[in-house]
Amino acid sequence: KHEPLLSEKNETTLEIGDDSPLPDELTRDSLTLPEVSEPEVARHYTRLSQMNWSIDSGPYPLGSCTMKYNPRFTEDLAADPNAAVHPDRSSESVQGTLELYHDLQEYLAEIGGMDAVTLQPPAGAAGEFTGILIAKAYHEHHGNDKSEVIIPASAHGTNFATAALAGYDVVELPSNEEGRVDVEALEAAVSDDTAALMLTNPNTVGLFERDIVEIAEIVHDSGGVLYYDGANLNALLGRARPGDMGFDIMHYNVHKTFATPHGGGGPGAGPVGVVEELEQYLPKPQVRERDGQYVLEDPEESIGKVHGFLGNWLVLIKAHAYISRLGHEGLVDTSAKAVLNANYLASQIDLEVPYGPFHHEFAATSGDRDAADVAKRMLDYGVHPPTTKWPEMVPEAMLTEPTEIESKESVEDLAEAFNRAYADSDETLESAPNRTTAARIDQATAARNPVLSWHTLDDEA
Amino acid sequence: KHEPLLSEKNETTLEIGDDSPLPDELTRDSLTLPEVSEPEVARHYTRLSQMNWSIDSGPYPLGSCTMKYNPRFTEDLAADPNAAVHPDRSSESVQGTLELYHDLQEYLAEIGGMDAVTLQPPAGAAGEFTGILIAKAYHEHHGNDKSEVIIPASAHGTNFATAALAGYDVVELPSNEEGRVDVEALEAAVSDDTAALMLTNPNTVGLFERDIVEIAEIVHDSGGVLYYDGANLNALLGRARPGDMGFDIMHYNVHKTFATPHGGGGPGAGPVGVVEELEQYLPKPQVRERDGQYVLEDPEESIGKVHGFLGNWLVLIKAHAYISRLGHEGLVDTSAKAVLNANYLASQIDLEVPYGPFHHEFAATSGDRDAADVAKRMLDYGVHPPTTKWPEMVPEAMLTEPTEIESKESVEDLAEAFNRAYADSDETLESAPNRTTAARIDQATAARNPVLSWHTLDDEA
Amino acid sequence: MTTGGTPFAPHTDADVEAMLEEIGAGDESELFDIPEEVAFEGKLDIEARDEPAVKSDVSRMFARNDDLTEFLGRGHYSHYVPSLVDHLSMRAEFLTSYTQYQPEITQGFLQVLFEYQSMIVELTGLEVANCSMYDGASALGEAATLASRLRRVSGDTMLVPTHLRDGKQSVLENYCDGAGLVVETYSMDDGAVDVGALEDRMDDDVVAVYVENPTVRGVIQEELGAVGNLADEHDALFVYGTDPVALALLEQPAELGVDVVVGEADTLGLPTSFGMGLGLFATKEEYLRQVPGRLVGASDDDAGNRAYTLTLQTREQHIRKERATSNICTNQAWVALRTAMHAALLGPTGLVDLATDAVENASELSGRIDELSGFRAPVHDRHHFREFLVRSDQPAAAIAGDLETEGYAVHVVDDHLLQVCVTDTNEAAMDDLVAAFEEVAR
Amino acid sequence: MTTGGTPFAPHTDADVEAMLEEIGAGDESELFDIPEEVAFEGKLDIEARDEPAVKSDVSRMFARNDDLTEFLGRGHYSHYVPSLVDHLSMRAEFLTSYTQYQPEITQGFLQVLFEYQSMIVELTGLEVANCSMYDGASALGEAATLASRLRRVSGDTMLVPTHLRDGKQSVLENYCDGAGLVVETYSMDDGAVDVGALEDRMDDDVVAVYVENPTVRGVIQEELGAVGNLADEHDALFVYGTDPVALALLEQPAELGVDVVVGEADTLGLPTSFGMGLGLFATKEEYLRQVPGRLVGASDDDAGNRAYTLTLQTREQHIRKERATSNICTNQAWVALRTAMHAALLGPTGLVDLATDAVENASELSGRIDELSGFRAPVHDRHHFREFLVRSDQPAAAIAGDLETEGYAVHVVDDHLLQVCVTDTNEAAMDDLVAAFEEVAR
């Protein structure tokens, strides 16, 4: 089923010159864009939507992405006309908005065991950047001369890129045989140059860093700060808090843990929590309550801003609603069911899972089968496959995170897709998928000859 | 792609007895219903929706059904919390609701050339019933002893059923060779017993009843009233008005002409317009404006009620919004494009169209091919087929109404589906469809052994 | 965003020109075959507006409605409808489809309607449920014509309770009129059927007896088995009016000998909407060929897979014409879809909880009003569901008017009778209502 | 609708039991490998609520916001977004999907993003547009790091105008800091680039020159070709900040020699949302391998049909790690989808109309305010887009405060400078705003 591009339906070139309220030299000559009617727009996007997998289509066990159901009532709240205010409104005139903003800061602080939270970072990676900027500001404020950030080899790519973006050198830390931080290697890696250790816990194969107290001591003793990557927080809700483990800074992925929609790639939000000592470095402004009024205040030693305004507001509304819907009991149960599903799924698949005990996700290995091929074949069995070939510590990794929303039957369907694909012949795997909208797309070729707009597509045709 | 029944996913039997706040003898013993989580509900209905054709999927040229695009902003208005009022609210406290209700009465009167309109009938057939009850009340009020309603053979089945429901005998009127009312036959059919003639104009093969003035005279001379079935009003908007043609009563199908969603079969609404003399028989209450206030008033000789409250309110809001969006120019253009599309489509298909000049719809004939089989094959070509085998005046009829929303290209796609199906072999037609969710379903067998709930399905399995 | 011509037609000028040329017409007006003497040459007095203008105009109107907290029921009820119902039911594939004349490409909606029918079958205990009537009133009317068809020789009387909503009775009378039936009433005793009086009234002219449970006054009836027996003895249909929330808790109609269940199925799935409804209609399998409205059946397709289709269409107007079981064509399918979705989200547990709350809230609120000086509630010494009467020492209309000034809407039933309805959507305002009652009684 | 445990997990007790048995665990808590010393044994101080309770609680909060008519802009603009954009963008297949790691089952979203990129390419005239950054500020930051990578040897200065939103400059400085860049300003002349001063300031330390058009004060610039030449002469990137509505009317950036276009693409598709945005990012093909963020390319699938896929992923953090062109992962794809939808609904005609209105409304409103005693507008003798400065004889903060009391929100820019922004969403209130200005000036 092929849906033409809008430009292939009807494209119009509008000559602008004479109708412009501006002088000729300030006005563009013409504009060529699709001109289609409202019914056609409706059909175009309806059809395209039907060519797209989503959480509401079926299992979506992308490891480290926490693809959970997005409650729809949260959308209604984000659409409340009273929430549609401009960021330059006076604080006095948007007390409701600030109240919710403040409540969410508090909720997240409570969940993370942190003392203060900023909601400004518009994504997880932006949260990391904010966190590392806070660490940097802390070090600069204290006259510490630090140049390195230590990151386990199994960490998310964003950790490395973030450290580099903040101007740090990256020191990569190998895992030990059990798949966790190698404490001895860490001791060797830390130095006076260590600005921070960025850690994901449970880590990217789902293992809790059992030595976390010792790790924290090592980092703190070196004068570094301990940063928590919140990607896997869904495993720990109400059961363990980064603040209690010795982390100084953390980010939250509200589109993972707190069920805000992933939206085909975003928007998410990446609030950052810090311990009391670091609160003064938070981005400006913070929402604080003073005598029953909500006010915007700039922390004294603020790093400045990490978003033009106050972050992805519509997303934050949804996260607030989800958290207050669940409360303590719901949050605790969320982690319980997420971990249960991951363990049950692992118990039902024929692939080996080299590390454990894992929590909400696990990295199976497809052994001598190509993990990407197995994944493509899983598409034919009606599920979204796991993240493949990452983390690299597991050969041919299939990093799998079913989340709490899958039923027992649904997890069994997933297991069946795994097992059938894993059992199929090499030929079948290599020619998969066959039952999808598109057949296999060769990404290498696509990258060699990039066609990035319909303009160059026309040239090709 | 098969989606299990909810009951097949998880069914729970709840024993009620002890927890009931009522005595045992007033309480049911148990309740057995599906018990599934919210994410599963979301997936179930999302998947089912994807197994369903709709206007937003593609062409839907069901003759006499006027399947046009449903503007989404009208949905937002129907969802306005301020519109969610109870029908027993005092008039003083719901002036806004009554204002819109009153405006729509006026809009429709203007469009139909009528003097007064009731919005109460919840569907077209309910509108017919209301209209015939008004005719009956009029006759009874004037001491006329009338027992028959005359209906052209080509009319909608609802006309016949409605007349019968109101207690009238039906006199069926043949068409003339041109496909229109046979005036001589009408003269022969009318008598002192004639309560009404029910007429669709343009009729069900799209022909304007050119003799309408004479027809009206004949009916009126006999003491009968002339009833207009609004199913085909989309052909005439702003170009001809039933009131101007001599009709005394008419109904409007807002889900056809005024773009309210068909909703898989309903709800629609079937407002009824009447000439001044008949206003006193309208259902109670009417919304009227008195000194700037909107009030509910019962017409003096009201037929009573045809809906428990005030009709399909949410649907009426949408019709109001559509009409006020289009205004005169939009309405006129709507008919122009609807008629243009029908004529263009007819010009592009290989099937014969026996009658003309038609307006917004036409009845092609598939000749020696079975119209229902051709229709099934059209499904394989990615469109919804026309209404088949009706009206009976055209053998193997394919009654086709593309409506104004289809683009030239879309009409051409439709024509291609017609032509390809029409050219396919008998074997191909009989085994069609092949590219749909379900293969051909034998309705005769289904009717012989009705399985009407999942309870009996279990018995079968 | 054009305001001249329709924004919902996609034709460019070039398209129109090319199409007219193919047709062989000079311009669009040539395509119209309207005799001059009936052509409308004027301009409709309706002004075009763009989308935001229409929205702000309609919003302005609705903002004129007073913001009252409603304690209103009497046949139209408000229960909280989960957001997901809105989101799913608004999916274009559901909202913008029509009747499933081509089942091969409409399996989704057919399955939803099949599931709706199945839920109603479970709730009523009757074997056949159709997939919607307009509302409770028209469903009752259709039950009367069913009775008339089944009992066409022996009688002409439809018996209904004196406690019946006027509007519902009026709709019923309109359906009965054409069928040659007469609507008569039987009396009530303390809000429920007076079985003795009904027994005296029954004769072989009676083709159907209608009871409501709960009644329009919220009374839960206690002697319906006896009514079933009476109907049975006189070969009359036992017609029962109710709604799906009540059915979740109350004795199953099938157990009472009920022949037809009608009522307001919109208590699930539809918010308060000025009386828009969904007519529930269920009956026994023996009456299947006489059922009005659409039915979805499960079957197999040619590939041997389960498939759904509209069935027994020979009952319907588009085939049977004047001998159809009803004139209904367009029904309330989309509301039935919402009802099914709401029921699916509640599950049996949520549904029974909702019904239990309806009893307990009515009991609590009536008790608290009863404690106030000048009021007596409930008036009938019965169990109540959602709503109940309040007797007021002062004129009821004055009390209701004062309550409206305080921000609350209640029903006026009679000179000194008010009616109050409480559900999950207004239970949080119970304290305030009681305080308002106290205030206005002064 | 449970409030204990999560309503979003489907497990029955029996399911849990069976699953634990398969796993070989006694209960759920056994599955957690959390050392005792860091386990949280307390109860989070967050109370569970059911869906209607959360809704009414949040609605209550938002109702605390004052109902002001906003004439606010300065980087966050309100244009009417057609309802259809909401309905289509909320379709679950779009809303609840994620990055298109498996293109074979995500062709729909990929095509939308490809269409978005194409529209931006058309509007900017540059060959490459990515499929979103967080907002205009971060897009500017990413442009700076791009400049730093391209010009890493020769310099360390990023030049920006003195008229720049503080917040945007602060974000830029944070991006520049790690890249070793310094942000410096050049001066403005009557609201637009002072080309002479810029020429004096330019040297080979400058890696990029940033201009906005329209500026944050709504000024339409007139000498940007000269800026392009200056940048070119000094081998600096010419970075241009704007938005899609302005691009529909203003000279195409490619014609001015622009290297990178950044800005607020959310002016289409997103309503006012407290500053949430969509970062536009487009550049020349020669910088393709250095582009930050996701790119969708068209290709063929194995069956030879056109297919779309994320491409050039080796630029990205999940592959290139610390050598990636950016750390961005989750972006604003869904907003880009809305922007594409809005643009599709407007078409070129609607888009140009919107831009034309932005010029004409600003001209009309500034003219009317200028006529009032005590005010001078626009302050800059330039063409304006949507917004303009107003000089007030009285302190600006006092005027703004008084206007707020009257129900209007405007910006305070300086002691005696106000800023006013007018679009299609508040143009109907222009008369009222002028009257309010007149009122508060007394």
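Each chain gets a letter, A, B, C and D, in the order it is written, and its residues are counted from 1.
The working rule: a contact is a pair of C-beta atoms (placed from the backbone, for glycine too) under 8 Å apart; a residue touches a chain by one contact, two chains touch by 3 or more.
Listed by chain with UniProt protein names: C, D = Glycine dehydrogenase subunit 1.
For clarity, every value in this text was computed on a predicted model and none was experimentally measured.
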{"item": "Intersection of the contact lists for subunit A and subunit C", "value": "B, D"}
{"item": "More contacts between chains, A-D or B-D", "value": "A-D"}
{"item": "Rounded Å distance between subunit A and subunit B, as computed from the means of their C-alpha atoms", "value": "48"}
{"item": "Subunit B-subunit D separation of Cα centroids, rounded to whole Å", "value": "46"}
{"item": "Centre distance in Å when subunit A and subunit D are each reduced to the mean of their C-alpha atoms", "value": "19"}
{"item": "Junction residues of subunit C, two or more chains touched", "value": "7-10, 51, 55, 82-84, 86-87, 90-93, 345"}
{"item": "Shared-contact residues (touching 2 or more other chains) in subunit B", "value": "10, 35-40, 42, 46-47, 50, 54-57, 69, 71-73, 75-76, 405, 407"}
{"item": "Touch-based graph of the chains, sorted into line, ring, star, complete or other", "value": "complete"}
{"item": "Residues of subunit D touching subunit B in the complex", "value": "7-10, 12, 82-84, 86-87, 92-93"}
{"item": "Complex contact set, residues of subunit B against subunit A", "value": "9-10, 36-40, 42-43, 46-47, 50, 54-58, 69, 71-72, 405, 407, 409"}
{"item": "Partner subunit C, residues of subunit D touching it in the complex", "value": "1, 51-52, 55-56, 80, 82-83, 87, 90-92, 345-346, 350, 424-425, 428"}
{"item": "Subunit C-touching residues of subunit A, taken from the complex the two chains share", "value": "10, 35-40, 42, 46, 71-73, 75-76"}
